[in-house]
Amino acid sequence: MDNYPALIVVAPLLAALFSGIFSWVEERFTYPTALIGMGLSTFSAYKILMRVLDSGTIQYKMAGWLPPMGIEYRIDLLNAMVLMLISSIAFINLIASYRNVEQETNDRKGSFYTIYLLFVTGLIGVTATGDLFNLYVLIEITSLTSYAMVALADKDRGPLASLNYIFIGVIGASFYLLGVGYLYLKTGSLNMVDVAGILSGIEGSSTVLVAFILCMIGIWIKMALFPMHVWLPNAYSYAPVAFARVVAPLMTKVMVYVMIRLMVTVFGLEYIFNTLNLADAVVWLATIAIIAGGIMALSQKNLKKMLTYIIVCEIGYMVGGAWMGNQLGMSGAILHILNDALMTFALFLAVGNMVYKLKKVDFIHLQGLFGKMPWTMAAFVLAAFSIVGVPPTCGFFSKWYLVLGAFEAGAYHFAAALIISSLICAILFFKVFEICFFEPMSEGHGHGDGHGEVAIAEAPVSMLIASGLISISLIATGLFSGTIMNKLILPFLG
Amino acid sequence: MTDLLPLIVAKYNYWLYVILMMIGLYAMIAKNNLIKKLVGMNIFQTAIILFYVSIGYKTEATIPIIQGAHGGHGSHAAIHAADYINPLPHVLMLTAIVVSVATFGVAMALAVRVYQRYQTLEEDELRMRLSEE
Amino acid sequence: MHWPIDLIVLTFVIFCAIAAISVKDLLGTAILFGAYSFMMCLLWAVMGAVDVAFTEASVGAGVSTVFFVAAVFRTSRRTKD
Amino acid sequence: MKFLGFIIVCVTGGLLLYGTGEFPGWGDPNSPASTHLSNYYIEHIIEETQVPNLVTAVLADYRGFDTMFETAVVFCAGLACFLLLRDFRPKKERFYRHSPTGIILHVKNPDKILKTGKEFEYMDKDWVPSDLIIKTVCRILIPFIQIYALYVVAHGDFSPGGGFQGGVIFGSSLILLAISYNLKTLIRRIKEKVLGIYAAVGVLVYVGIAAICMLFGKNFLDYSALIPIVWDPHHVRGLGMLGVEIGVGIAVTAVMAIIYINIVSEGRHDEGL
């Protein structure tokens, strides 16, 4: 009997509760507790991944009840991959963020870790669960923790941004809940597989159509697809950097995962692409999202804000790929979940290092950064290349699949948008590099003649190690993307 | 006319929940005061709860507590599913109520913070203050 | 036949909801909102959802209203719409 | 914005109404929702769990995993309110009232703290003379409210109620204490630290019971694993549910008090309604 599927979500939850108690009793213990919890969770995720690769889908019955009656964790290749991604990113970020947390939230350290762990618990649960309503509760945990965190760092603008985030987030979650209600009314079940089985008999029903639309709109709001993206940039750029680093790469990607899960497992691709004729409209929406995200990113003056708009742009890639209606597009979208999470995490890790040293990351503050923080900037450059899609890095491969999928489906506008947005990203990042590299020379900063001898002021070693690890993984996932494709994604799509 | 009444009786609950939900959503989008928006949010959520509870309702059935089973040793009289209301939506909605009150509390705390900072809760005034800075 | 009671209470609920979002005094909103919650709780009791009604009575009509009044106490009663 | 909002609302409403077209009638006993899972629950719960209140049984056993996260949501809300509002900076000025004479002292030195008691009474800008009737009535009422709350928690298996409702009622009894006396009284009785720890401990009781089941070799949350340590194996599921309901009750009580205290005093924990 092994309980890894339960442990993966219970370990961080238990750690969160213990660190919640320790934050009142003895604050020094909170960080080790958090580390242990996350470590255990990562270990279980690894075990699960290996098990799934070996012997196929794992079913874990919560409370021992048979699936449609009780809640079931159903972990197949896609879940296992995303679980591994979430838990390892959260673990590495925990290692890297000790100093950031100390700097940004010094009197509420313990509570920070509690909230952080609850957030990760929510994400892991969302990914692992096989129950529609359980998914809603876990989405609410992730949202509630994000609301708290967004308001925490920036005392001035944070609360307002967070309140707006609440309004939009609640609308999104409620739409999803309504969709589940409509589904429940038609099927009488909440288990994803069970619902899918019943739905295949009643495909023409208008109720099911409305349920599908409501679920999708709810999830799109939560993932910030273009017209519903307004909450994301403010929310993510005001959050403490240690939290932004995990919320920015993971939250939206997990929501993309939820969308794909609903499409593949619950409603079925057959129903979506053959019975409904919405695919073209959604691909257009994704195209607009990509272009709009890119253009809005161009007009930003703050590094964090710019990156958040790039996230909006990347969501367009994944939604478009998933709705392309062919296997290439879908597999590209799934591969991009993995790659984009890694790339965004790498970028935000670098930003975290900068914030630790510079406090603010408006473009003006970045001058001469190549000299001051060479390692951080090296990681940043690599991540930026990956976002742009330069071949050896992983960003290239998923984009390649997406473009191929677009050509196969005849969605040339989407392919064009992909290429244009890559160009926009290239412009954006070279603008940043230019500022970081050249500008102090031309301005002749008041530091006297110190051209070659800018004092190196790097971030602490723990943060650099995390950056290095992720940079290596960017290349590694790129090189092994064929393996990932053949072992994980294609078998999942069957 | 005689056909219409059964239809209305069968569906009015769902229609009225839609109206309630529209009221809530309208308040959330169009009202100017942040606290009013929060009220709208709560109305929206309770409307959804009403919808779920309506799903669970069965005519000619009683509340979902098995009668005569106190202590429940050994054999019982046979239980007919038609006699009891569907308990599952109630369970889901208990959870949803809890989630909504948690969100409400956090939102109230945030509203207090916003007021501390800007001395107003009107959205247009807030926008003006933000553009001034 | 529960539906006449149900319909009457539902109408009340909708009136309370409209009143709660259109009154120009936030304390008034708080009280109307409490009334709304209580009506909702009645409605659910009529539909046989006793546990949900109980929860709504203690949460919606009770604690939520208290939080609401507390927040209004710390902010302002004034509202433009 | 109003116009845009109106359009969005109308579109959403239209969509939802369109979806209702194929709904089964309200209260139809043969609708899919009332036949598929619901029948299984109604017919099997009593033999499988020995708990007559179906809602509690489904809530704490079949879907206990949801409820665990629901409790975590509540905990998270309490923590969020604390993080957002709590303000540890001491107040600059204090006011005291000399009870026998009614003279009010204005103390400007933040380090000088008078001992309050018979002679001096702490007061704030919203101070109102305490009302004897309200105080007395609440003093009589509060213990009964609390006993009722405990009853609701303990009797959740058999009648409407359960940990969450009981917790809210207990929490509101604390809030009533704060309203009828003043906030200081409540904080003097129950320290902030205690509330914070209780909130976590409540959830921990739930997760702990669930995790113990895992230690005994069954699945997570499977109360039947508790048979070796329970005095009444026949009702093991009912007892397991009672245990988790108590946990929920503790957490909810603490969180309700935390949210109220922080909102009403803007996180300063000194003066309130």
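The chains carry the letters A, B, C and D, assigned in the order they are written, with residues numbered from 1 in each.
Just so we're on the same page, a contact is a pair of C-beta atoms (placed from the backbone, for glycine too) under 8 Å apart; a residue touches a chain by one contact, two chains touch by 3 or more.
Computed from a predicted model, the values in this text were never measured in an experiment.
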- Count the C-beta pairs in contact for A-B and for A-D, then report the pair with the higher count. A-D
- Cα centroid separation, subunit A vs subunit B, in Å, comes to 30
- Task: Would you mind pulling out the distance in Å between where the CA atoms of subunit A average out and where those of subunit D do?
- Result: 32
- Item | Between subunit A and subunit C, centroid-to-centroid distance (C-alpha), Å | 38
- Message: I'd like the Å distance between the centres of subunit B and subunit C, where a centre is the mean of that chain's Cα atoms.
- Response: 11
- Item | Contacts with two or more other chains, residues of subunit A listed in rising order | 133, 137, 140, 144, 147-148, 151, 159, 178, 184-185, 190
- Junction residues of subunit B - those touching two or more other chains: 9, 12-13, 19, 25, 54-59, 61, 63-65, 88-90, 92, 94-95, 98-99, 101-103, 105-106, 108, 110-113
- Message: If I count partner chains per residue in subunit C, which residues reach a count of at least 2?
- Response: 3, 50-51, 55, 59, 63, 67, 70-71, 74
- Query: So that we know how the chains sit together, what is the shape of their touch graph: line, ring, star, complete or other?
  - Reply: other
- Task: Please give the residue numbers of subunit D that touch subunit B in the complex, ascending.
- Result: 1-2, 4-6, 8-10, 12-13, 16-17, 20, 23, 25-29, 31, 33-35, 37-39, 41-43, 45-47, 50, 52-55, 57-59, 63, 66-67, 70, 73-74, 76-78, 80-81, 84-85, 158-160, 162, 164, 234, 259, 262-263, 266
- Query: Where on subunit A does subunit D make contact in their complex?
  - Reply: 1, 3, 6-7, 10, 13-14, 16-18, 20-21, 23-25, 60-65, 68-71, 107-108, 111, 114-115, 118, 121-122, 125, 131, 133-134, 137-138, 140-141, 144-145, 147-148, 151-152, 159, 178, 182, 184-190, 198, 205-207, 209-211, 213-214
- subunit B - residues contacting subunit C, complex: 9, 12-13, 16, 19-20, 23-24, 27, 31-33, 35-36, 39-40, 42-43, 46, 49-50, 53-54, 56-59, 61-65, 85, 89-90, 93-94, 97-98, 101, 104-105, 108, 111-112, 115, 120-122
- Query: Which of the residues in subunit C end up touching subunit D in this complex?
  - Reply: 3, 50-51, 53-55, 58-59, 62-63, 66-67, 69-71, 73-74
- Report the residues of subunit B in contact with subunit A in the complex, numbered from low to high. 25, 28, 34, 37, 41, 44-45, 48, 51-52, 55, 88-89, 92, 95-96, 99, 102-103, 106-107, 110-111, 113-114, 117-118, 126, 130
